[in-house]
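Next up, some structures in structure tokens.
You will see chain A twice below: alongside chain B first, and alongside chain C after that.
Here is the complex of A and B:
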């Protein structure tokens, strides 16, 4: 997978997280995986289809999701309810929108699916024939991972 | 000790959300995200605006507008929504009431749709993520006209 696909997502995640969480965000080391990847517990997934195809996954554990949603709503949220899910979905929406604008400017044309949220224990994600690039982001609320598996349509 | 009562006039700014005669501007929020609707509601209520209804898609938004009319002053309209998108709902509202004040709420990267909305009669737009200052400024510029 070409790194130029992931950079817009990393930059955008960095900017959006900094803005909505009002705090420092530290970018971890990027790594590449071609096998199944564990999913931390709460994952928002957005599909891409067009000149490039694949998916982007925003992944975090449940306590992190609750803390992130609490900051974004300005109140303490303790259970994984509809509001928390709507908040994480919106976070994925904002990050994706900014990244996609950048990719469209670079000349890639594709459509997006609305984000879907998965929650659960011991989940894994596998992508046939596409390597996934993962960038961890450290925030005061916990670790989030941006997991991108995209390829050019052959 | 000095209390607020010693300076009754200093902080007596009229909140943005109140009309000159003192009643609140009435807002209809059209958004499919519970999070965004709640955020808008909090920001607007804190400045005195009154959110009179919320709709979860464009069609519901259009119907609520007709139902509330003329007791609604401003509409916030998301763009990407199920059933009927925000651009279509805006056009329908403008057909029904050519003086409607609609503010588009957009994710980044929808410049073309925002332009179309402005041509179709939207009074302003706000790009997400929403922040208090940005939302209130745009609202003020729309209600002040």
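Here is the complex of A and C:
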């Protein structure tokens, strides 16, 4: 993945999470992963198109998703209902959109697809021929992983 | 022949006077069209029909020139953009604009090709077709059947069978390099830990084995056939240097001392003019339209910038693209925005420098030719076929089985005429490669 793409994603994830969760956010060590990647339980996905193709996946476990959604909505949420899913989807959208705005300022043109959310047990995601950059984020609500796989269009 | 009109002829008829003039000797008809402002023709016998269409269904993971598939009255055919295939400029079109399509048939295959615009059907005499000339046009001469003049226009007749037959790929890349100079290379990667594997071996061999182990555990340097020759020579030297003392490596500093001199010239700095010229001398001379380079293990990026400038000097007209990867995030993060002290930069680079806010940087054209990527060479990648791979002193620092895998990947990604450049003391040690370099440039072509 192009070096120029990395920082916008890391920065916007950091900024957005800090803002919506109103707390400390710690960034873990970035690393690369190929082939299939296990998903923790709740995964919001935003597709990218334009000069590049790829997707950004926001991955967390269920309790974390519930806690994050609770903070964002200002009320205690206990079940994985529509509101929780919509909230997590919106979070994914906010982070990706901010990253894409930053990239646009740098001269890279990306388009977004509407986000989608997946929930379930024992899921994994595979991308053929693309390695993914993993950005782990530690928050008071739990651990989130942002998984970015982008490649240039040939 | 001229009295018959196929549906297509009816659509784009020649002017009657033209037809009359040649009526007696027309025995070759072609459909003419333009690509990147030049006129081309395809034998009408290969053309099934002409169509205008858009909104092709995109096919993931296909070659860039495949625009997708199209439903032609129930048959799914692939759509190939000839302009992209031949690296010609593509006019920007409106989103919904219809593309001009030639539906071709080669043997049993039917497919569509996109061209700029379709002109008409031209009939000529076979005898007036002249052989192609290498300097003619933007398309590789292998794909050109001939050149013909008609009504004051010059048409390049494409050899559709050659372009689209499956065998074409192999014929397209004949070897441009001289045969190997007879140097034989060991084919097997020897186990890195010979010392432990053969306890009964002679003492010297044992110690060498321990040194190998030390190199791997302290610096992840694996002695294999990639660097065995260097290791043997260095080990002899090492025995002399450490005569009477302990030969074995006990800490990282020892490993570093042993590896002194292994790195290629100008590691971690811009290449000097001598090395630039040396590398350039091994590159093919023809002026290619596009030149793709893969530079894995580029580290801080000095090597990539050097390479970009070397190629800009060698191929001023070509579109050079360099994919530079490294798995060290810190090192590669700095690479795209490198700032230089103009007085410390060797002379050949000065022409490409511009003064930025913080100091001297390379100009936009050089910057645009490089993609710096955070990428692990052991993971899969989506690179297109490349003309050149520069991977100096990286393979030696992978585990033996990883070395094999990366070399196989290089073999896969390199075009038939491509060139692989390894570190000065490294060699691509399988039968799949043959050495073509000399001196400080360790270069290999596909065998």
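Throughout what follows, the second predicted complex is superposed on the first by the 154 of 154 C-alpha atoms of A that agree within 3 Å, B and C clash if a C-alpha of one lies under 4 Å from a C-alpha of the other, contacts with A are read in each partner's own complex, and residues count from 1 in each chain.
The rule we apply is simple: a residue touches a chain if its C-beta (ideal position, glycine included) is under 8 Å from a C-beta of that chain, and two chains touch if they have at least 3 such contacts.
Keep in mind that this is a model prediction, so the values were computed, not measured.
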Judging by the criteria at the top, classify the pair chain B and chain C on chain A as clash or fit. fit
Mind working out whether A:30 is in touch with chain B, chain C, both or neither, as first, second, both or neither? second
Is A:42 touching anything from chain B or chain C once the two structures are fitted on A? First, second, both or neither. neither
Thinking of the overlay built on chain A, is A:104 touched by chain B (first), by chain C (second), by both, or by neither? first
Thinking of the overlay built on chain A, is A:144 touched by chain B (first), by chain C (second), by both, or by neither? neither
For A:16, is the partner it touches chain B (first), chain C (second), both, or none of the two (neither)? first
Per the contact definition in the header, classify A:90: touching chain B only (first), chain C only (second), both, or neither. first
Identify the partner contact of A:68: answer first if only chain B is touched, second if only chain C is, both if each is, neither if none is. neither
Put simply, what angle do chain B and chain C open at chain A, by C-alpha centres, to the nearest 10°? 130
Please give the least Cα distance, whole angstrom, that chain B and chain C reach in the superposed model. 20
Using the superposition on chain A as set up above, list the residues of chain A that contact both chain B and chain C. none
Which chain C residues qualify as touching chain A in the complex? 61, 63-64, 327, 329, 332-333, 335-336, 371-376, 378-382, 384
So in the complex, the part of chain B that touches chain A is made up of which residues? 33-36, 38-39, 42, 80, 107-110, 128-129, 131
Footprint of chain B on chain A - complex, ascending: 16, 19-20, 72-74, 82-83, 86-87, 89-90, 93-94, 97-98, 100-101, 104, 114
Under the definition above, what is the set of chain A residues touching chain C in their complex? 1-4, 6-7, 30, 32-35, 128-131, 133, 151-154
